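Read from first to last, the chains carry the letters A, B, C and D; within each, the first residue is number 1.
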């Protein structure tokens, strides 16, 4: 009967975030909007995002979204970031539509991370 | 805790009226006002009101007032009717002031009874 | 209650159904929280409120979002009538109601008259019935609101809400129904009835006192009566009384289950009562002799004064006129409107029966009534001798 | 309630005191009648209502006839403010209140602004306090009504009702006090306080939800908010909820007995809580650091987001801002009015303590709060690296 405003996935990601922190020497992206702040850093090994860490200041949905992103993409090819979709995060975390703007902060951060990783890879290839 | 709008005296007079009826051949007075109707008849023996009877159409206070009047004056000298006071009936029966008009119907009836008895006594003396 | 009292005043108020009492006790001890509170406990209470709304919605066959919680039918009526009149003031200042409405409707219209609205006060026929033709004839171009009660609280007349509502729809006039005596007692299907606003109160159908509801059909908007806070879509502020609301929901649920049985129980009792009284000389029924709500029987009797009759009837708990104005001695304006004289109206006694009324209660009522009439008549002076 | 929850939201609502619950149960089963009914059963209920009025009158030190029953403080506030403003409209259309009032006052004044009244919105000092000098300076020739709350529901500020009231008396201005958070919790002596209208609600002091009262001083008259029936001297119609009223009376009686103990219990707990939190870096108190109502402690903390803090605090049931608007995420206007930024206001947590709160609850609250702040801060990005 007790309906929480956060679904199980949010509550789990919020209560047990496994990816809080920074990857020292990793690629980092930061975004700050709508009063939300997200920083993600990635440790890159052979195009793979071997390690993903986040820090976030925001409501439980934002924190859970950052954690879920890390859970989903850690260990995958940096190319896969193209597949990142706000819609699927919104769905998995049952984010209320009035909070869409906040989740877009994560999207911005991820986009900027992709760019930064590509830059790094290009530099390496050079 | 259950406060009745009628005090004990009203409830007793209403529940157990001992003087309902007519004195056949007695002196009778009738009054009709404010939607109340009262008739009182008296059986006179040597200036004494040996028997008093009433009929009434009205609220419990009016009925009780008529009964109480009979209880108080039966057996007494007709002269004593001068002592009849609405105030004391109102007090004994805790009649709410908004019902004063109704009790005045009893006063009118008693006054007219007094006149009628006096008439009868004068006739007899003649 | 003193055990010798016989309560035949269910139209004034009813006791809590045991399931309702139990439900309220549980909520009071386990979920007494503020449903507006943003924490686990608050959400528990909110879920209970939503559940109760679902129960009430089922009873009336409406969607959940059309229902507002109020403190009772008096508030619902005030909110509906004042709120609709003000909201549609631009449309016209003519309003229509009936002379036999409850005070909680009558006095609201009287107030609106003072505010510059014009009110047509329709008189029903001698059964208390208003035909939709009579209503239609009273409509004007500037009529914006009609308020007609569902069941009359004094005489039990059941109005033709469907017919009256159709006329209102046809003329685009808002239609409010005071359903205080109908909800939970007879079938009220607001999905099919052409009604815009419907008032109800829980304590008339074995729910708690102090809580009611106002149904506002989709597309209808009214001005709020009170301001403050964002509860109930800003239409009715104040902390939701979760236990009262749960009680109302439970009462609605019980009513749905028992309505058919309730009605046949009441019909049988009313028949018994009517038969038992019919031989009294000078007795007449106030209100419909047939087709009225079976829980109410209002009778008058010639040559008997009302207040004395009532007192002589103790330990019967019955009403003279409406419960709400029975402290005053004025003859009922409802009975006057259906054509009774002051004197006739004064002797009126309303028997209102309920779930717990037994045939024995009715027997006792009959014999007390007969005795009282006999006694009072025996006291009546014929005329001046 | 799930047994692991710790309820520290007594300012939102309280559980029934066991004596209140017991009293209500008894009334519900033995005297559920309509107090307006003119029969033995009705009079039994009427006597219970009168008895409850006597209890409330004793709590406030007023005469019985100055008290009206309402559905709660929201209704009392609406009735008082709308009713007084309209009644004295001829006297002037200028009204005064404070920015830190409850929504059930703020929104009523906003409505009156739309109706052509002019409202001065006073800002209190950073403790939430309004001096009587500030008020006096705001008075004009056409000021007719001042409404100032007794205890602030978010930050616990206790206003100088005596001082403000004297100023109002001096200038013949009607003075309304929203006492929802004060009645039954601190001494309120309306025989000596210069107050014309006083609102209260039972569920804030261990009485039932859905019932409150409005005190109207002798000589003050206001327009009614609702119409219908002759109950309550025509000032507030509707069937009296005898069980709720009895519960309010019982709660008043309990409050009189236990008030001194309650206050020292709360003071000790508040001290414990304040001490336990004081070492947290960046913590600050919203509201008076001294002299506030001991049942309320509102704290903010730097660099922590409010919604996440609240969620991290579970199973603590506490409020962010007012219970009544905690479903929305807007920063509290009360905290903004005492000078907090949006960001500061967002991290505010109101602990409100009550009779059943234990030192263990406070210990748990302290440790959960410290943990939550630590955890959220550990997640916070410093800035772009």
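Remarks
Going forward, a residue touches a chain if its C-beta (ideal position, glycine included) is under 8 Å from a C-beta of that chain, and two chains touch if they have at least 3 such contacts.
Note that the structure is predicted; figures quoted are calculated from it, not measured.
Ranked by how far their CA centres sit from the centre of chain A, the chains are topped by B. Counting C-beta pairs in contact across A-C and across A-D shows that the higher total falls to A-D. Here the CA centre of chain A is 59 Å from the CA centre of chain C. Chain A and chain B have Cα centroids separated by 98 Å.
One inter-chain figure worth recording: chain A and chain D are separated by 43 Å, centre to centre, where each centre is the mean of the chain's CA atoms.
Between the CA-based centres of chain C and chain D the separation comes to 33 Å, rounded to the whole angstrom. The set of chain D residues that touch two or more partner chains comprises 2, 38, 40, 44.
Contacts with at least two other chains are made by residues 2 of chain B.
Interface residues of chain C facing chain D in the complex, by the touch rule stated above, are 1-2, 5, 7, 9, 12-16, 21, 25, 28-34, 36-42, 44, 71-75, 77-78, 102-108, 110-111, 201, 203, 208-211, 225-231, 237-244, 310, 314-320, 323-328. Interface residues of chain A facing chain D in the complex, by the touch rule stated above, are 2, 6, 14, 17, 20, 22, 28, 30, 32, 35, 37-39, 41, 55-60, 63. Residue ranges of chain A in contact with chain C, taken from their complex: 1-5. Of all residues in chain C, only 2, 303, 305, 307-308, 311-312, 329, 342-343, 346, 378-385 touch chain B in the complex they form. Taken in their complex, chain C has these residues touching chain A: 38, 40, 43-44, 46-48, 51.
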